[in-house]
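There are two complexes below, and they share chain A, which is joined by chain B in the first and by chain C in the second.
== the complex of A and B ==
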């Protein structure tokens, strides 16, 4: 009798595990399959790609790479450099200033503080495409197109990053620590830079990687603002390759450029992954 | 060290401020924190947290502000620290008016209940932080930090981060961070509250030793009356933003100014009886049931000086001063708690709960259910006015 109960319990556990693993494998497949497909396609020639879909890598990876690198309509090093400048500066400035704003509304008491907080959050609800119209008009009117800083400056004001930082501060920063630093003789900026920022390191790492990826992959604004070949970022260059005329069109080249575009993001993600996991889970458990 | 003078200090949290405040009196309740019972005066201007607070703290004195949660003791300390604005009144440190002086320029140090150590810095860096800001030479910083670490016995932890320390060690670091600057005034806001009972006792005696080693003026906030009694040169008992009594621990214990002080200071709490104060041949007596006890000489003199008349009173007697006698107030023991060297008897006397402490003296006596007669000495009886609840000695 006891053995029977044990067998049934084991069977139930096995079935539940089977279901869980099936779902997890399916989700992992959904996430990874398209990456795999991209890597496979980047190693196939245009003719092979036209012929149909396959899971087996082709032998044209190097050729695709050389073709993409030597394409006269784009310059990959320039695109990479531009993307790096925009993504790095956006990530650093967004994280720093959002943390500073969050610190301001969390630590200080001033009139209309709640209103300001709500206003910032309300901006989150407005799609960037809506505000982009006015911004593009402004850029054209004052001849500010083809300038990388026009992509960097607006990204500094990021309500979602602010909201995340504020939540993180509420969970991790006791106000006594700020007061202790004040009594220790620190001024307000030093308190933020020397005491608060190091405490926020995991949150900043998370938001930096998200901002970096967001900026790196951003196509919408750069496509509207940048038309000088020397100023184009990688996503704009991919689009340029795709829209090449039919006689020159090489899908293998486009896939290779895509692979090259995601590699830096993957490297940065791998470097910061520990901090990201720490940042995402922090505050959930009392330390 | 420095003299600290508080003159008629008042603190009002304006209505908007009280809504916005995320700390202090109105801060959100944290896990494990007791509910704050707020019974403060609310005016058109806002909530009055502290009022009519006047106190002259001498050089090198150890002052303890004690009172229940929400009585304004921490607010007062924070005003001295410069972390709260003073609504009205004057605050002098070392003869200088500091109402509008920034905390960093007051030459004070503060130890917080939550330690407030910088988690990303080592113990050494935590202690050296204020000196680095002052741009003190490196070798002097090193000397001062090691000296303070030596006093607090934390030298071996200097390279560790706070998370690698126990509660008691963290508290020592917090104290070290404060004393390393050699401040004029050292403020402590319930520094032992987060420690367990054993560690608290140990740290209490460490604080007494520390006090003997460093020359500074201490202002210490606690809700624990044992800390107040053992640490303070003088203690300030507060309630609802008002000072109830200022005095040495002995004065406050022996001559509590009112019913609140008498109940707050002393464990277990003082027992109260309805009684009558009578005058017989120019001598004061307390009459309760058939018992008539002549008050002690000191009390006789104080009552005489105040020209106190015969009246109904609230009689207060501390549990350790009630003795089992052949003649006295009759009561029934409900519960008997053996505490080791003594026994706490929870009794019902004239419909009221009364506690008395009797020494066990090596005998095991079960008092539960017994009827006993209780008496007391005239020196330890406290007479409070029924109308004002004030001690009639004052």
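== the complex of A and C ==
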């Protein structure tokens, strides 16, 4: 009798595991399928693409790559260069200055310290689009459209990165350490740059990755700000593909352009997926 | 104890100016690039101010005129802002419902000691991946795949499921479904990871004792897991909602900014974006932004409470 119950329990577990794995594999398939098609199609010639559907690579990848790279209407090398400039500098500025601000409100006692901290938390949820109207108006008024630094400098004030850094500091920085450094005669900037920043390396790394990805993918603001072909970033170029008459396009090239837009982030993800996934949770509220 | 505290206070006073110095860059940039533009946005919303060809009309003060205009029916007989708010809501809901159901299930699977799922890192890596993909490229990809001459139509025709290519972008349900599918794919992995962390934060001994009491897994879920997960669930849910209100890249690129068919996939931000295009209608765009701000402000108070309530 007992044996029977045991077998039933085991069978039940086996069945539920079977169902769970099936669901997981199905969802993984769904996540990969469209990107798989993109990679396959980027290796096929336009004629092959017109001929029909297949899951097997074409062999035209290099030719598509050369065509995409040298395309006259969309200069993807320029776009990638611009995107790299914006994304790298934003990542550096946002993590450095958020850490600095978090350190400022955490270590020092001054009158409005608490109020300032609460203020930054309060503005965290305001969508960036709310300032877009004024931002664009000012950009046109002062002839600051097509300036990449207009996309870079605002990243110095990033409330959510500040929040993350502040939480990290609370958890890892002993105030005695700062005291000790002061006794050694270091000035405040030196203490931050040479002692605190190294401690914050993991947090800075995570925020730099997320910030890089965020600004690499950013479409709304750059699309409004950049109309000079030499200044456009990758997402703006990809979107112009959509507005053009696609039926005249070499679709192999179009798929290749999408691959090129996505690939840098994909490569970063493949190398750093573990720490990125860890970073997803550490920034939000803890239970 | 009292003495050291006093000493600390004395010391920290002399360093106070450094606190201000360190936060200055943040606030200078915030005021110039965010706060001032925000004020200007609100200010604009009370003015008639747009471009008509080469002429700039305004700025003329119109009071609440832009808001009145925003809420009056257009020539097609509907109120655009209401329809676009509803569209945004519908598009968010049909993506978010499966997103939260699936994410909840996966979070329970992954944390279940009974099931003891192998290869978790792999599955998590795969399901989170779409979150990092450029949304505009993802939408362009879907457009290419689902276009009339695209591979999906080719596949359906070759298998005999249909005999004529379907124009997915001309059908309300299919456009909305595609947008929802993309949003689902981009966000369910992220939600899974967040909910999982929430479940892992629950005291293990509570599950143990429930199991010893002979509670079924459904009972454990409804009486222990869900109530204790609630604050995090609400936080994730509302942040998703705030994200949903800002939905732009996917429908914009998929429908080429037109919200086809017949504006049924036009979202609030797409509408805002239209005003910022050639017409540079700062007045109407300002009014839309203020509305957007009010909606998010209401939702944010919930999130703010969760964060503030979690402070040690």
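By our rule, the second predicted complex is superposed on the first by the 207 of 287 C-alpha atoms of A that agree within 3 Å, B and C clash if a C-alpha of one lies under 4 Å from a C-alpha of the other, contacts with A are read in each partner's own complex, and residues count from 1 in each chain.
The rule we apply is simple: a contact is a pair of C-beta atoms (placed from the backbone, for glycine too) under 8 Å apart; a residue touches a chain by one contact, two chains touch by 3 or more.
Please read all numbers here as calculations on a predicted model, not as lab measurements.
Applying the stated contact rule after C-alpha superposition, one finds that A:273 touches chain C and leaves chain B untouched. Residue contacts after overlaying the shared chain place A:113 against chain B and chain C alike.
By the touch criterion stated above, A:195 is placed in contact with chain B alone, chain C being left untouched. By the touch criterion defined above, A:227 lies against neither chain B nor chain C after alignment on the C-alpha atoms of chain A. Contacts of A:184 after superposition on the shared chain: chain B is touched, whereas chain C is not.
Residue contacts after overlaying the shared chain place A:174 against chain B, while chain C stays out of touching range. Set against each other, chain B and chain C touch different numbers of residues in chain A, with C touching more.
Once the two complexes are overlaid on chain A, the chain A residues touched by chain B in the first and by chain C in the second are 109, 111, 113, 179, 286-287. Those residues of chain C that touch chain A in the complex are listed here as 9, 11-13, 15-23, 25-27, 29-30, 33-41, 44, 102, 105-106, 109, 114-115, 117, 121, 123-130, 132-145, 147, 149, 151-152, 154-155, 158, 185, 188-190, 193-194, 196-198, 201-202, 228-229, 231-232, 235-236, 242, 245-246, 248-249, 252-254, 256-257, 269, 272-273, 276, 280, 282, 285-286, 289, 292-293, 296-297, 299-300, 303-304, 306-308, 310, 312. Chain A makes touch with chain B in their complex at residues 106, 109, 111, 113-114, 174-177, 179-187, 190, 195, 198-199, 201, 286-287. Across the complex, chain A meets chain C through its residues 13, 16-17, 20-21, 23-24, 27-28, 30-32, 34-35, 37-38, 41, 49-50, 52-53, 97-98, 100-101, 103-105, 107-111, 113, 116, 120-138, 140, 153-154, 156-157, 162-163, 170, 179, 188, 192, 213, 216-217, 219-220, 223-224, 234-235, 238-239, 241-243, 246-247, 251, 254-255, 258, 261-262, 265-266, 269, 273-274, 276-277, 280-281, 284-287.
The residues of chain B lying in touch with chain A in their complex are 16-17, 20-23, 31, 81-83, 102-104, 108-110, 112-114, 116-120, 129-130, 133-134, 163, 177.
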